[in-house]
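The following pair of complexes shares a single chain, chain A, combined with chain B in the former and chain C in the latter.
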Partner chain A sequence: MRFDVVIIGGGLAGMTAATELQRSGLRCAVVAEGLSLNNVSRKEFKAAGGTLLQGDKVTGGVIKDGRLLCVNTQKLGDVVLEADSFILATGKYFSRGLVADMDKVYEPLFGLDVDYDPDRSTWFDRSFAAPQKFLEFGVNTQDGAALKDGEPIVNLYPVGEVLKGISSAGSDASRAILDSAEAAVQAIKGRN
Partner chain B sequence: MQEKNISANNFEQCQKCSLCETVCPVMANNPDYGGPKRSGPDGERYRLKNGIFFDDSLKYCLNCKRCEVACPSGVRIADLIQQARIDFNKKSPKLRDMMLASTDQMGPLASTFAPIVNFSLGLGPVKSVLDATIGIDRHRTMPKYASKTFVHWFKKNAAAAQDGFKKHISYFHGCYANYNYPQLAKDFVAVMNAFGYGVHLMDGERCCGVAKIANGMIPAATRDAKINMGAFRKSIAEGRDIVTVSTTCTMTLLEEYPELLKVDNDDVKNHVSLVEQFLYKAIASGEVKPVWKEGWKARAAYHCPCHQERLGLGIFTTELLKMIPGMELTELESNCCGIAGTYGFKKENYAVSQKIGKPLFDDIKAAAPEFVACECETCKWQIEMSTGVPVKNPVSILAEALDLEKTSELNRP
Partner chain C sequence: MPVKNDFDVIIIGGGITGAGTARDCAMRGLKVLLIERHDIATGATGRNHGLLHSGARYAVKDSESAEECIRENKILRSIASNCVEDTGGLFITLPEDEDAGFGLDYQKTFIEACQKAGIDAKAISPSEAREMEPSVNPSLIGAVVVPDGSVDPFRLCSANVTDAAMHGAKVLVYTQFLDFIREGDTILGVKVLDTRTGQEAEYRAPVTVNAAGIWGHGVAEKAGVHIGMYPAKGALLVFGHRVNNVVINRCRKSADGDILVPGDSVTVIGTTSTKVPFEECDNMEVTPEEVSLLLREGCALCPALASTRILRAYAGVRPLVADDSDPTGRSISRGIVCLDHESRDGVKGLVSITGGKLMTYRLMAELATDAVCRKLGVNQVCTTAETPLPGSVDGRIETVSKRFEGKVSLGQKGAAGRQGDLVGKINFTTAEDKKLVCECENVTLAEIKYAVAELGVRTLEDLRRRTRVGMGTCQGTLCIRKAAKALAIALGDPSLEGKLAADYLDERWKGMRAVGWGDTLREMEFMQRVYKFQKPYSYDEI
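Moving on, here comes the complex of A and B:
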């Protein structure tokens, strides 16, 4: 199944980017595992003609020559979602956009480069109210595109909390999340 | 004493985020129901200790599975609730519940006397008697029975021609298409034949069992499930995959059999498709080619039934319908229609059932489409009764919009 843009994740960042891209005339599909998106953004996206795969889950994809060609989902079986551009909006730990092991933090879908300190003792501060370093970990990018083994995947744009340096704990968190979504929207519009 | 200590439905993953509660259609309308989180993963912690913690209010669960779609942690909440009802509810089903649930026993009986049954079930006094005696709500419009079943029609009029095709599939028609609405099954045969597929019925097909599960008739449902899986395996061995039309039957065959009835279907699963999924894939891959009627036009609104939402295959329906030139399709906000199979027929549930459906009915009235497109048979009853807007199955829409003659010429081997 072919779309202009496939958005992985239906939270604040994913839905905002998806709705704006759909309104600009690009054909978008959002794969939203769980109902983490709110009613208003879901309605607006569908009203704009967007395709929502609710309760489905991206399980992996095919990367070739620095491009993500398609993604597989749990429910669609052998039917893949192809697109020119992809947005990764899978969030941090709660939504499993990032996974923390005892000795590493990784991005489970594509194995993207995650910026984290190998010394686990620095990840957190025992004082509950202190800034927590693990919340700053996230996917590395180059010109907005995700990095894997140091090389960019040129059509895969991480947005929101999955990104390095964006944390929902910050005082201007939602601003940073929306700014990252907007940057991806502009980059994708520029490509099309 | 801890009776069990391993959970099959991963309730330990529940993070108490309560998203399931925000989408539960019953919780919003029936204060007697504790909601999916409390009835599912929370209650399970107690029930694992001891069955006395089983709460009778679990019967209010519609099994619409919206909680499972919403859960960000993949907890099989509705399965936990159904499983608890199976394990701990020792009350035997009432006569009414057995009648409503035994679609494949009541079907032949009602079809034989269809004119009398349809006529009487439409009468006010009869409805009042059913309401007062066995508790089928008097406000409910009862489904009509066909005097000739689909299987009867098929054997007489269509079966002989099927071997003449090059490609073949088996059709799981289900009780509804057979006893209540044979036209849907006839449309299915017409469409599949036009695309060059011979349609075959499976000997000994039984009811999928969804209504029996909902009404606590587990041994009967398990027996039917095993017979169905046997029939499916035989069909697959003969090189024929199974195509289904009912989303609820499909969800039951694919998900409830292994989860609730413990009937294994691992080897069968990948050979079962919903008709919209099957046709979308066939058209998209170029395997078959549709020829659409010139000048056919319709303005429809798509309602995604709860069990389709759970299956996650609704995208095939919308993409397939969007292929039709002249189809103006809007997608309705995903809401439960409230009938939930036999649930809405019960006197104690009628009011809640209509309340649950109200947001959907309001949306439909606001969209004012020519018809609602929907895969589910009981949604059709509920929406037609409550809004007056006709509901068409996507298969029947295809049968209308396709130029069947030209399509079959093009796809003839």
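Moving on, here comes the complex of A and C:
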């Protein structure tokens, strides 16, 4: 299946970007795993003509010459989702956009570069109420595109909490989340 | 400064040893004062496996401890039925144990030693073991069934304190021992500080018992006597659900991380043993090395642990009496040490009771009370081994449930399991009272009100120790706001709510930080989201 944009993740950031892109005339597909906390935005997206792969999950993709060509999902099996642009809106640890091991933090779908402190003793503040450093960790970007091994994947745009420096846990970061979604929308519109 | 002289005996320390001693002394007719600087069961009492030892672990090396254990094991099953769960236990032999010289030959030695100590130990085949406990490492080559169980140490301690109070003992928590009142070579009493009001007071009694666990070292120093204590830290991990239903041990020489105990809704692996400086005893942090070791050894007992979320890590300090010749602390006998400082050091009116273990607390209390009675010239026999603790007089769920009218709710069942026959004191009349506050452990508003009114609860940690609130799989993430509000109202000061919740969350956070990766980190992010710390808390509905 081929789309203009595939959005991985159906949370606040993913749905906001998807709906705006779909309304601008691009053909979008959202792969939305898990909790349906965003039913309203998902309805809006579908009303705008978007394709929603509800309850499915991206398992990986093919990266070639600095571009993401397609992604695989759990339910589609051998059928891949191809697109000109991809948005990564998988969130932080709870939604498994990031995975923490005992000694490292990584991005599980594409192995993107994650900004984190290898010294685990710095991850947490002793006080629960204080800002927590582990919530600041996230994917590194260059001009909005994801970095892998220091090189940009030019058509993969991380948005929302999977990005470094953005977390809604312990603070109100909805502005930053929406801003990152808007930046990706503008970049993708510019490409098309 | 008020001076009081109306006690026969003052007991320092509200752990299980002090609580048991207070109960025994009070039951023998003595006027008792128990002082505790924090809450009951805050030291080693509440920081162990919660294992009801059969004694099998000690059978080969320390038959005296093994015999004490099995005797007390049987006693606790009868006097503390609502604190004990008869899970049964397995001692398994793995292929690698064979290579290390602890193969099936050792199993024979082990079974003989158990039987000699009076422990009913029986070899079963690996397949029988897997049927009995499906989570056990399937590569086991041998297994022995023993009468291990699990025990809720908080509940056990609370039951002892409650019974002491029912027999007239005065119990002062959040009351810190400062110094002894002393005249020449005689201890006349204690100077204490109420840590909540900042008020100092003095209490006098002809005998004082030092039952302060590892902190008893410092208490003794204040009397000018030295007990060579050995603070041996033991770290443990709690897993997110009850992985096993039978206690699993390794059938080999005692080592780190070789006991896996199911308790209520969780499973606990432990422990390590490292000597720590006395300064560290007040604030134990579990290290990454300890976590790795416990995980590795835990997975050898039960491979499913590798993919089970770790709820938290915690550590306690065993109050062992030092033997300078062994640096590991493993070879030291867990034996009971009861010191009459008059005959030992020439200091009159002071007894120290230390060493031992949770399992033998009642015997320790008996020995300490015997010493107190000798000093006071009181001739009363100990009856604690035959007299059920409050909650266990007839704690069977069927009997307890008869006390409720109509359909028994989850919260009532939970309360009956925890509070035993005392559950009749809990007032479940309104629908509001029956509302669940903690859904992991089925704790109701009614039980919280009861704990405040009858069990001396002042903080959420205190409440946790009496009711298990927030101890289940969510670690308080989904209930602490409700619990804080309910507790603040029950305490008569709704403004306490934010502080109560914040203190509790810091304590949970401490245990989670040590294991903050994988699914535990996911839970931590979720917890941060739930408690966004908009102060004051803005919710109206429980």
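Note that the second predicted complex is superposed on the first by the 187 of 192 C-alpha atoms of A that agree within 3 Å, B and C clash if a C-alpha of one lies under 4 Å from a C-alpha of the other, contacts with A are read in each partner's own complex, and residues count from 1 in each chain.
Keep this in mind: contacts are C-beta pairs under 8 Å (C-beta built on N, C-alpha and C of every residue); 3 or more make two chains touch, one makes a residue touch a chain.
The structure displayed is predicted, hence computed values, not measured ones.
Model built by superposing both complexes on chain A: chain B and chain C fit together without a clash. Residue contacts after overlaying the shared chain place A:Phe94 against chain B and chain C alike.
By the touch criterion stated above, A:Met1 is placed in contact with chain B alone, chain C being left untouched. Shared-chain residue A:Lys75: touches chain B; no touch with chain C.
In the superposed model, A:Gln132 makes contact with chain C only, not with chain B.
Once the two complexes are overlaid on the shared chain, A:Trp123 sits against chain C while remaining clear of chain B. After overlaying the two complexes on the shared chain, residue contacts for A:Met102 are found with chain C alone; chain B is out of touch. Looking at the shared chain after the overlay, A:Ala169 reaches chain C, while chain B stays out of its contact range. In the superposition on chain A, no contact is made by A:Arg67 with either chain B or chain C. Closest C-alpha contact of chain B with chain C, superposed model: 5 Å.
Counting contacts by the rule stated earlier, residues 94 of chain A appear in both its interface with chain B and its interface with chain C.
By the touch criterion given at the top, residues 92-94, 96, 99-102, 120, 123-124, 126-129, 132, 134-135, 167-172 of chain A touch chain C in their complex. Contact residues on chain C toward chain A in their complex (touch as defined above): 288, 291-292, 502, 505-506, 508-510, 513, 516-518, 521-522, 524-529, 531-533.
Those residues of chain B that touch chain A in the shared complex are 15, 19, 22-23, 68-73, 270, 280-281, 284, 309-313, 315-316, 318-319, 331, 333-334. Residue ranges on chain A touching chain B, taken from their complex, read 1, 29, 33-36, 43, 46, 51, 53-56, 73-77, 79, 94-95.
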